[in-house]
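First chain A sits with chain B, and in the next complex the same chain sits with chain C.
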Partner chain A sequence: MMPLLRLALLLFLATSLNLAALAVADTTRGTGDLGLIIERETGSVLIFSSQERRVLNRVEGLGDLSHASVVFSPDQRFGYVFGRDGGLTKVDMLEAKIEKRIVQAGNSIGGAISDDGALVAVANYEPGGIRVFDARSLDEVANIPAAPEGKGSKALGLEDVPGRKFVFSLWETGETWIADFSAGNVPVITKMQSGDRPYDALVTPDGRYYIAGLFGEDRLAAIDLWQASPVPKPILEGYRRGAKELPVYKMPHLEGWAVAGSRIVLPAVGSHELLWAEVGTFAEIGRTPVHSQPVFAVARPDGRQVWVNFAHPDNDVLQVVDSQTLQVVKEWKAGPAVLHIEFTPRGNEAWVSVRDLNKVQIYDAHTFEKKAELDAKSPSGIFMSARAHRTGF
Partner chain B sequence: MMPLLRLALLLFLATSLNLAALAVADTTRGTGDLGLIIERETGSVLIFSSQERRVLNRVEGLGDLSHASVVFSPDQRFGYVFGRDGGLTKVDMLEAKIEKRIVQAGNSIGGAISDDGALVAVANYEPGGIRVFDARSLDEVANIPAAPEGKGSKALGLEDVPGRKFVFSLWETGETWIADFSAGNVPVITKMQSGDRPYDALVTPDGRYYIAGLFGEDRLAAIDLWQASPVPKPILEGYRRGAKELPVYKMPHLEGWAVAGSRIVLPAVGSHELLWAEVGTFAEIGRTPVHSQPVFAVARPDGRQVWVNFAHPDNDVLQVVDSQTLQVVKEWKAGPAVLHIEFTPRGNEAWVSVRDLNKVQIYDAHTFEKKAELDAKSPSGIFMSARAHRTGF
Partner chain C sequence: MCMLSGRTYRSVAAVVTAMYAITPCWSDDRAKSLERLVRQDCGSCHGMTLKGGLGPDLLAARLAGIPSDTLAGIILDGVPGTPMPPWRGLLSEQDALWIADYLKTERTK
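So, the complex of A and B:
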């Protein structure tokens, strides 16, 4: 057959055969601009292209996605979605399907992926502790029940740090544990006392400092992981002192805590302000009074500005704060229930989920102009695949 | 036709038609782990997967690739290869082919891509100035000849910074120019005097500071791009004073200058040392005596260690320096003509090109164990696609 005739016949057949058509049309594409939007009410995720500002597909059947989060494989093809119900779902963003799904616990609170992309870890409330899985197969590699008195302790603030290590904290025992998988799949565990009831944590972008928020203390704990024998140190002691006591509508997300240059910005618990501290010394630099109780304070990737959303019932507002002057430079009502903010990796756009509008809004991160909107059912978290290559995201 | 018969015929035709077979077999894959190795003698590039530690394909016909560099599209599918001969080649890493190639000048020295991925800029020695192209089509968007007296000035140290801006310097006039494309495709140009004969530059990872090396001065110039009216400031004045004058075998690569935490490390010109300075104040912190004249000093992504290679004739050695103690912690002979070092994005591996071995070596970046080697013809630069999401790479 003549090549041209072959090609024509091939194209005809491919078009008439959906599977092949899809393979040719949709799966030959880069994955660097892909990402997932959590649709919390329907247990589904949207696969989007940030470059095209377009939803490509919806994948359903991911279980309870209230408080869900996502990490990505190094090739940026697969997203690992951590659901509230203990579900761990590996989503193929090219084929738009669930590659594998397991329910690995009764109640879980987030996860992490090792720096070599080989291990996915999940922090569990019920039965407690963390479980670690092979990123390819989701077969169990390690189970760290964290049950010092036979009863599992709620694990949280789980972060991946360089050298195939995970760091996490335990609510009941007030400890922070390092699980070091550098020698293989049997971890070496280091335990430290961080303080009364850690409730979340973050790691700085270089993976050096792990910082835990403590529900039962008027301070936080910082651990310098570069030390040979890391020790939690109290930081920002008395930061709540003098603050008007307010009911806490929603605990701030410490993973959303942001580092702007050499400064770290923290949403205060139960008061209407952001706290600024110097990374390393963690001395307080200043505070910014904001609209209401902050939930996420997310630095634009260049660190020059920080976007902030707020707890119910003031969660229709966005504020932008300058990291040098510490002043609010912009404020607007984005819509009812602004739940999450995600910047494109180089910070030219901010993507904002507005749950009760059923929209994800796309802003120019420099001019604040709204450039586009995407339809989504009760969207919460927005996760871009470039997170694959960042530490502690 | 029955679906099964259709499928059989489709597969037969696809197999007999190489292009379609390739499209079905190889192009459905993530692109987050892809990258390009420059083969300088043969004008070719290797497409590799860092996750699989494997060469996937070779693409030929890229012209003169001595002193070549690469930037990537936001979807991490396309690499833009800047050749010495003025060639700008857009390589499709999925289809393993040249998507488009233009020869846009007589002699060029590198390029950059805007933060929105829309504009690719090239710095030219001959005829001088920069030219800016549409990243999709490679059609010209802007031509900035930088010819104040009718004669083009050699452009170099071209960097992309947030807000659709490019910054570059001019050898003959000693200027640094900012080309601001935020309002569209007609740039607003700002010109500053940096000093005698800038020869290369770097930008800090947040895009805030642009630092130019100056051939004719015993100092460098730093520009804080966050200022409303940026002004070049002299830094590290007199850094060559007292140093033994040595012939300069190869100018160090300032794009390889690395930031480790809040410290910047600079390979000194013509002497056997690294200089350390504090980002922001740019006060000198200390110096590290090294094996010979450093060429690249590349920080592991966590900033804890810096890998250094050297100029001819001492270019068979690698050294690793601790960014906290400033001491050499490891040294070995990797082989003849170590030309480049590239870390995997989260820093678990270092990839090293050894030209005269015709190998790329892959090291565990924590234990220094050699994990694998890839064959390559006279390899020089190694570029991983995660650079797409970093500023100034």
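So, the complex of A and C:
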């Protein structure tokens, strides 16, 4: 080959390789700052970057997303979106597309992903019970119908706990079931009685305690999952103290974010209070009277403060409560229909969805200053991919 | 004829008469805000598409045979012993009747 031609060829190859490298650098990115915002009325989700405070893409076609929630694959690339209509949609956040979608039931309330990231479980209202799917293919692994008298009982408060286990409760029967998949894809099921009409549940961040809120009882139930034979114990008994029960226009949500240091904070049902208890003994520490019926009480990741939103018709207000003094330290009107609060993983920002403003507001979680707003159509849940690495999220 | 707020309906006939009388008097804004309330807030328990959730479905097929004043009564006073709260204080009787009528007419999205 002529030396000149060889040089030209080398230059051409070198340039092509450089261009290829540049192209890769432009399109590759990490996923630890990504997340999904549910647009509940349009059946779409927004893929966002929390670090850039920017919406990257919208993915449509996820069905009925009123009351939708998301869990993430361990690599933080895929979000599994649980829709109200029984839809389970695996969204690829990097490719901004639906990887796979199934409709696995008639009416669902939420789901969980096993600690090994291999199993995705969905709690169903219709036909009741839970179904468990292979996280990669969404092929069914197990069906646990929870049908005591032939009729499925509504399943809820579905949480993943260490050891490839799921725990959930049943509205009609008042039971809590542990589905243990540690030996394979045929679960070992343990059933216990938690109380009248569990409406939601949480698991503490270490996976030790499962706490069920009970609509029909003046208490909650706590299960120590580290015991050889776990038994639900009543906690915060008589917390309503026979007070006249206030109407509950929206059931509170319980989740592992309720733990602030050694304390757990729980929204009361039928009284406008937060209940504080010591994790483990669950002895009451105190209460915080709040603006209205609390829905979410979310501890900032450092546990120092808790942000609270409220049920209709007082759902335009946010309050922040100090976990040490139990006092409200800040209150403001964020806008009509504040539906959800999600902290960035290190807790520097709080992201708040304001449904009827069609905005997600981004606050400095220490100064409460509003730093940015994102447009979103009727936003509800905000889910950041850091949830992938937390038990019970 | 427009009905004034605060009136108590004692019979199905009165309710039906009242409903027909009320309908033209509703502003579009009020109707829109009530529809929004049904979808968004009743929807917390009954589903945004009213197909049910923790609470039963509110589809016309199930509700059609129930008198409107019965439904309005449930909306206003709740169902004791269940999570259905009383909405009196947030909704007027006319609001509750409008919602009852709305639910009984097939409007499933």
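One rule holds for everything that comes next: the second predicted complex is superposed on the first by the 362 of 393 C-alpha atoms of A that agree within 3 Å, B and C clash if a C-alpha of one lies under 4 Å from a C-alpha of the other, contacts with A are read in each partner's own complex, and residues count from 1 in each chain.
Quick note on the criterion: a residue touches a chain if its C-beta (ideal position, glycine included) is under 8 Å from a C-beta of that chain, and two chains touch if they have at least 3 such contacts.
Since the model is a prediction, treat every value here as computed from it, not as a measurement.
Measured by the number of chain A residues touched, the leading partner among chain B and chain C is B. In the overlay built on the shared chain, the residue A:Asp206 is in contact with chain B alone; chain C does not reach it.
Looking at the shared chain after the overlay, A:Glu41 reaches chain C, while chain B stays out of its contact range. By the touch criterion defined above, A:Glu126 reaches chain C but does not reach chain B. In the superposition on chain A, A:Ser137 makes contact with neither chain B nor chain C. Touch criterion met: A:His312 reaches chain C, while chain B stays clear of it. Once the two complexes are overlaid on the shared chain, A:Ala337 sits against chain C while remaining clear of chain B.
Shared-chain residue A:Gln193: touches no atom of chain B or chain C.
Looking at the shared chain after the overlay, A:Gln327 reaches neither chain B nor chain C. Legend: residue contacts after superposition of the two complexes on their common chain; A:Thr27 is shown touching chain B, with no touch to chain C. The touching residues of chain C, counted against chain A in their complex, run 37, 40-41, 43-45, 47-49, 51-54, 78, 83, 85-87, 90. Of all residues in chain A, only 40-41, 64, 66-67, 84-85, 106-107, 109, 125-126, 154, 156, 171, 197, 199, 215, 247-251, 311-313, 337, 355 touch chain C in the complex they form.
Every residue of chain B that touches chain A in the complex is listed here, in rising order: 1, 3, 6-7, 9-10, 13-14, 16-17, 20, 23-24, 27-34, 49-51, 72-78, 94-95, 115-117, 162-164, 182, 206-208, 226, 261-262, 279-280, 301-304, 324, 344-349, 366, 385-386, 388-391.
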